[in-house]
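Below: a set of structures, written as structure tokens.
Shared between the two complexes below is chain A, which has chain B as its partner in the first and chain C in the second.
Here is the complex of A and B:
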């Protein structure tokens, strides 16, 4: 029971942090290191809004929209102009962008640890056992909803189809009358907004500190590799595999080996399926990057 | 990743440089004749020590301003140059090299545990005294002293371990705890020294749990701690892991008392978990004995300068003392080189000689041809042969219902057994 609860919470945090990152990998074909700092930006802008007196729900939505706009702006100003130079240039640009966000947030918010001023809560009981707090339940619901919405959006809406088309073959998509530029802006907005939202949740569960973005990007990268680079569904599955793998593993080994366990899972999966979890349904065969 | 870190460092460097210049400006205005004497402050303005470093910086500013107001060292003005070490080993090497080669400081004050251990060879090779004011590491227990150019003005972890154990056993009669330790060098060393002392003095550690750093959820670890049904949990963990752990423990309905190490003794921690949850958490910190003149003098001057009282456990007094003692060593030697400081630091801080509590008094006594014993704001500051000091008293702090760290009691710890 505990394992299911703990795993579900961890998986939701990882999923929400990684899914925006994976979306950009899929469409733009590079690892956007600045995504970790979007979490930082989301957490701190959420805190700013909530300190202005906003309720936490509108504050987190506001933070997500703000991060989405910043992401779209970054795409327009930084990434689009260098896109022709290849993925390596994009990668390094994103590292630079990460430091810009990190520096600006640090300069404004200061280096001290901060926290949301929320009422203290106890975990709700299920069959007499503490189950989840309202915040943890919210993150699980939001994560599952996000995964579902993203799937429906990509599979059934024209905008979603255009995203998939651009991700698969940009030139062909253009020839079919899809505007790759508009699609890219949309992707960056959605991905960054999801990152911002994940940041707010991280802040609510623990505290806000400047290194939270760097800490999380490592987990995000690991999840993406496990899921199979470029596969959105692979990453969603990977979040659950890592989270539950760790929780089950902790029955046998001490908790200090948490990170070790995570990477053990990744190593084993990649040994068996070098393309990551996406290989389970045949993805990743034709990927060139 | 190295390239990334470098950019970061350069940015910090520019920032700190600018701050340093701005801070140095007023002291130049008070300048006496002659080439300025440069003193370096090398602390973790960014990184893990970030929450504490500004307090150390303030203490350094206060000391330097005081020295300049009293006529400078040997009639020469003093310039403070602050440098960030990113709270890391390589940051310390880079910062020290910059301070010595570019700025030409004759002493480096402030590096924390890991940084100062990394600078041991550097200090001796370059004849630049390096004085830690907050580094507890046991590696310095017998590494310093005259000739090694390594000193520290705060107590060692090995002594703090005894303090934790004695306070738990004697003051609150707690002879069973669960030990929760984060897998970091500093917290592990603190937990290890505590465990040794506590078990030797008759306490029992019913369970020991190690936390992996940087996790969002510690729910399985909490369940593990709960299985031992502890009354009190000893937390040797950093700030972010500590917040997550304590917050989630409250949410799951665990009502444990917390005994924490210096890492969590900050208003930030209380603020992040909520006053109601943090209330009751205890931490002993080293302290000057109650009513000591040197402490009151320092505390008043600090408050007048910065508008807030120095906080127990924030090492401001230790840093202030290091600067004053170095200045007095230079005065006693009649020169301002690193060698002169190394040769005279233990002499001017006693024991033996006329007891002085300020730079001005010390200079006056030296001019009168007397031996001096500088009594610090933090304690007696009597260095032993390995450049270590003992702490006169321990202050037991507890988080009150409204979330303030308040002093419960001050205990004379001068007779505590060594570890």
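Here is the complex of A and C:
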């Protein structure tokens, strides 16, 4: 029972943090290491807002919007100008951006561990067993709702279609009258906002500390690889596989091996299916980069 | 003034260690086809192998394996061998993967290895680490002068690494690696086995990184798992990119420049509260430098230069020989 509960909660946070990352991988074609620091930024700006006296819900929405704007700004200032120079340059620009966020947040917030000041609640009961608190339940519901909305958004709205078109073939999309620039800004906003929201949730579940971004990016990378680079639905599935894999694995190994376990899972999967979980439904075969 | 000189000597030593790692990374990622985000694992394994071979047996309150107290030259061989063997073991499964997947898989292994260092107390004394490790030739010199000796030793190590990587890059094997980097299908048609070449390259790089790990132990006189986090990998990559990826001189200079950028601010005396903010801003500064270099000079300070072969002259030479 505990495994299901904790697995579900951590899967939700992993899901939220990874879909944004996967979206950027899909559209821009590189691994945005700075995404982990978006979580850090989200968590700390959420804390800042809630310390101002805001309720946790508007605070987390505010943090998400703030992160989204920062993400769009980063794209315009840092990534777009170097896009022509190749994947490696983009990747290490994002490493640089990650250090900038990390450094600035650290300079302002300091190295102490912080936490959201939320009223304590008792875990709800399900079939007489303690299940999860209202916060945790909210996190799970929001994560699943976000995944669903993202799917509907990508599949049915014009903006979502333009994202998929640009991800697939930028030149063709341009020829069909889609402005890739606007689409890219949109992607960066949505992806970073989701990252920021995930950061707030991560902070609610545990505590806020400076290395949370680096720790989470490792899990995000594991999830993305497991799902298959560039596959959104693969990543959604992978978030659950990783989360439950970790929870089950923790029965056998000490808790300090958490992210190690995530990686062990992906190493095993990659050896069997080098394209990740998306290979299950035939995706990722034509990918060249 | 004296303090300033000592500080300069100290960060030069660290810079030389970074430069060694940069050269080793340049060999596989700049010159070769392998984008390795796990170079810190070989560095760490080299450092731990060296420590476990040469340290005195564990005291009562400590617990780590071996502690054979062997002479240092055996430790040096052990460090390189440890790095190389680790690279072989990691390379076996991961070298089947391409670019980004390889990148993440190596990062994954580095993280797993760090967690092993931190958790397996019987092997490494865990997060408490191992302290008071000996430095070479310490008894022959005055303690005050020893930092110069250590700098000289590290520079010798750097020169050795420089020589080895230079020879390898100039060799047919090095050219095969470069061919794989440029165009794998073409390299295969030219008779280069990508699997074999890659794993050899990976092992050589791992051995060189492990060798550099030994100097890190000498420099710190202690070893803790916290020294071998993924940050270090990113730092080495940043240093290599700043210097110029694919260029030996770039790798050499990049290591030193990075350390001067990163650590020169440490000399400023500030109050405690400020110091915390300062270390963070230092990291932000590094990030900014990396972004600016990539933006305005993505090839780094020293760009990679194509090697030209004077074919008629070479033919003539071959005929005369």
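Keep this in mind: the second predicted complex is superposed on the first by the 275 of 289 C-alpha atoms of A that agree within 3 Å, B and C clash if a C-alpha of one lies under 4 Å from a C-alpha of the other, contacts with A are read in each partner's own complex, and residues count from 1 in each chain.
FYI, a residue touches a chain if its C-beta (ideal position, glycine included) is under 8 Å from a C-beta of that chain, and two chains touch if they have at least 3 such contacts.
Quick caveat: nothing in here was measured; it's all calculated off a predicted structure.
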{"item": "Fit-or-clash call for chain B and chain C when the two complexes are aligned on chain A", "value": "clash"}
{"item": "Which of chain B and chain C A:257 touches, first, second, both or neither", "value": "both"}
{"item": "Chain B versus chain C as contact partner of A:103, first or second or both or neither", "value": "both"}
{"item": "Contacts of A:175 with chain B and chain C, given as first, second, both or neither", "value": "neither"}
{"item": "Partner chain(s) touched by A:84 [first = chain B, second = chain C, both, neither]", "value": "neither"}
{"item": "Touched partner set for A:114, first chain B, second chain C, both or neither", "value": "first"}
{"item": "First, second, both or neither for A:266, with chain B first and chain C second", "value": "second"}
{"item": "Contacts of A:52 with chain B and chain C, given as first, second, both or neither", "value": "neither"}
{"item": "Superposed model, chain B segment overlapping chain C, candidates 99-107, 315-323 or 333-341", "value": "99-107"}
{"item": "Chain A residues contacted in one complex by chain B, in the other by chain C", "value": "95-96, 99, 103, 111, 210, 254, 256-257, 259"}
{"item": "Parts of chain A lying in touch with chain B, wherever the complex brings them together", "value": "2, 5-6, 9-10, 13, 95-96, 99, 103, 111-115, 120-123, 130, 133, 202, 205-207, 209-212, 215, 247, 250, 254-259"}
{"item": "Residue numbers on chain B that touch chain A, as the complex places them", "value": "4, 7-8, 11, 45-46, 50-51, 183, 209-212, 214-221, 223-224, 239-240, 243-244, 247-248, 250-253, 268-269, 271-274, 276-277"}
{"item": "Chain A residues within the chain C interface of the complex", "value": "31, 78, 81-82, 85, 87-89, 92-93, 95-108, 110-111, 210, 214, 218, 221-222, 224-225, 229, 254, 256-257, 259-260, 263-264, 266-267, 270-271, 274, 289"}
{"item": "Residue numbers on chain C that touch chain A, as the complex places them", "value": "35, 93-94, 96-101, 103-105, 107-109, 111-112, 115-116, 118-119, 230-231, 234, 237-238, 241, 276-291, 294-295, 298"}
